[in-house]
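Chain lettering (A, B and C) follows the sequence in which the chains are written, and residue indices restart at 1 in each chain.
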Amino acid sequence: MSTLVPEVDAGELSPGLSSGFAVELENFAGPFEVLLGLIGKHELDITTVSLAQVTDEFIEYVRALRLENSPAALDAASEFLVIAATLLDLKAARLLPRGEVSDEEDLALLEARDLLFARLLQYKAFKDVAALMGESMRIESARQARSVPLDPEFASLLPELVWRTTPEQFAEIARKAFEARTETPTEVGTDHLHGFAVTVRQEAEELRLLLEDGAEHGFRSLIAHAESVLVVVVRFLALLELFRDRAVDLRQEHPLDELWVTWTAASDWTADRLSDEHDRPVLPDDDGADASVTPQEVSA
Amino acid sequence: MSNEPEAAGKRQAPVDVDTLPGGLAAALEAILMVADRPVSEFDLSKVLAVPVAEVRAALDSLRAEYDGLSADTTSVADPAISEDGAGQVSSGVVPRGFELRTVGGGWRFYSRAEFAPVVQAFVLEGQTSRLSRAAMETLAVVAYRQPVSRARVSAIRGVNVDGVMRTLVARGLLAEVDRDPISGALLYATTPYFLEKLGLDSLEELPQISPHLPGVDELEEFRG
Amino acid sequence: MSNEPEAAGKRQAPVDVDTLPGGLAAALEAILMVADRPVSEFDLSKVLAVPVAEVRAALDSLRAEYDGLSADTTSVADPAISEDGAGQVSSGVVPRGFELRTVGGGWRFYSRAEFAPVVQAFVLEGQTSRLSRAAMETLAVVAYRQPVSRARVSAIRGVNVDGVMRTLVARGLLAEVDRDPISGALLYATTPYFLEKLGLDSLEELPQISPHLPGVDELEEFRG
């Protein structure tokens, strides 16, 4: 599958991003955009993205946007979760036990990684085609279509209108026409974007306490009391770490079904066994501001 | 595809028409083909930076050419297509299906009168005596927001209303009444015929709808 | 646009076009002069009671003639008016200021692109409406994946597209066309107006995406 990714030309990915990944509010177009930009910036093969680095820089980026304190910045910040999910996909694939593709499920997870790359490619392809379409539109705008009012001579031939609408019905039609367009947009809280440090080790420890009874627990119940979405994300990462360490068993009947978790490690297991790479806390934001934003793209 | 002409001639001729293929005559054809109302020789002269007399002469030539009379030049147009209409090419000069007419102080392309029967058939094709739901909703928005631009109605309805608005104008329910002083956009209002259809004497008799419809104003940006 | 179309074609051709001066070609010119949208060869054939193939041939000839290419007949149009533009008439065949094009599934008169600078003084729309990059990319996804739900477009673009989609609908480039039979989600598709804006006759003429994207179709289900 990686043959799909012959080269990722840093230059053409996003010219604006070459300037040290500066804040570009007008051009912010979502996590895929940012991810492509980061990959381009580091001239990385898309298949070997250095996750730690990319994650750090993305969080840095979001933080910079927040400091701008503009609505666009908030939009961007609210998309943190999407990129978090994207990075998580990558991370999940990397955390798999390596070198032993034993069964279909492992294979499927490995394929998920390729699918993620393919999705990035797909995104890039649409970007390219959009540029072509934009050029067509620009060229086309030089021509103007004839579109003129109907001559009265012909207009008078139209069949006489049959009108059965009462003024009250008409007013009702008007009311509905106005109402349809004035729904309030959905609000999305961004409280999850700041607050406290969360580490994979802490969450792994938390999971151990929850799972110690040896029974099978649904992932939903494991996160039922999580304080924030960030905790959920990190707890899930911790779960994957535990799986790699063979401390838990995972069972899922179908994609998107409940994920069942059983503790399998010895009773003396501690989170210290986990690798060092998660020692640094995930701290998405520290300016303490809170806000809720409308997740809308900025259309100039 | 709405085309709202703005106050013409505020810009200098951006181009020397003589350098374009077809020269002045073709430039006039281009403008008149898409202008949605008659255009005066004066406005044409200003935009093209060509003396009015030259504009008039070129338009007269075009008109004669379309009418199948020989133009100033010796060359002539022969639009007859060999497959079918060869029979009529008696003189070698055949009128086109369109003509240039001066109406209300301006020039405009029209279908040639001889073809009125086929044009009528085309216009009437598929027309009904009832308004579509989309047309009724658009009419309702204009009725309660008049005078209002097409762009604003589009923003409120959330769909492009250019075609529907044209239909409503053609049906005599709406009319262009004014121009927005800032944007230059045409403003539309309902007609007396509309009131007649609704059985009302004046707009004041329209039933009240909730006095303030929140958010309508912010929708402006929807359409530059 | 027009009101609800009813069962069409119940009327006979009102007149035998061959008896009119200019014949079929002129009749087509007359009809297209009043059309405010692309008109299909089929509709023209029906109104004129002339086989579609003949209609197409006549339109092709007209287009070639307007473009300054020689038509089927040996005679050519020479719109250059002697007063001014004599310099350009090198070949004796000069394009007109307008052109006939097949876009959005039908034929329509357009001003020729070369004259954009002078035409734009008379038409406001089209200059104001640049799409943002985000809107353009969203439009591209819908164009190639239609009919498609907003959720699916969001998944492909990796961002929430609700606002952009609303703008595109308000601009008339997208329309809600259906509902997903399973999820009940609204499905969106591009409009004929979109094709017109891109100068395409049908969606088949969209640039191939495959060179940009090997093997993407298989991963559709990855994100429902």
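Keep this in mind: a contact is a pair of C-beta atoms (placed from the backbone, for glycine too) under 8 Å apart; a residue touches a chain by one contact, two chains touch by 3 or more.
This is a predicted model, so every value here is computed, not measured.
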Innermost chain, taking as reference the mean of every protein Cα atom displayed: C
Two chains sharing the most contacts, counting C-beta pairs only: B-C
Geometric centre distance via CA averages, chain C-chain A, whole Å: 36
Gap in Å, rounded to a whole number, between the CA centres of chain B and chain A: 47
Intercentroid distance (Cα basis), chain C paired with chain B, Å: 18
Shared-contact residues (touching 2 or more other chains) in chain C: 33-37, 98, 109-112, 114, 119, 123, 126, 167, 196
Two or more partner chains touched - positions in chain A: 144-148, 150-151, 154
Touching residues on chain B, where the partner in the complex is chain A: 1-3, 33-37, 108-111, 116, 119-120, 123-124, 127-131, 136-138, 140-141, 143-144, 155-158, 162, 166, 169-173, 197-200, 205-210, 213-216, 219
Chain A residues touching chain B - in the complex, by the definition given at the top: 144-151, 153-155, 157-163, 165-168, 170-171, 173-182, 184
Chain C-facing residues of chain B, complex: 1-6, 8-11, 13-15, 17-18, 20-31, 33-36, 39, 47-48, 50, 54, 57-58, 61-62, 65, 68, 71-73, 75-88, 92, 94-98, 109-112, 114-115, 117-128, 130-132, 135, 154-155, 157-160, 162-164, 166-167, 184-185, 222-224
Touching residues on chain A, where the partner in the complex is chain C: 4, 27, 29-33, 79, 82-83, 86, 115, 118-119, 121-134, 136-137, 139-148, 150-151, 154, 185, 294-300
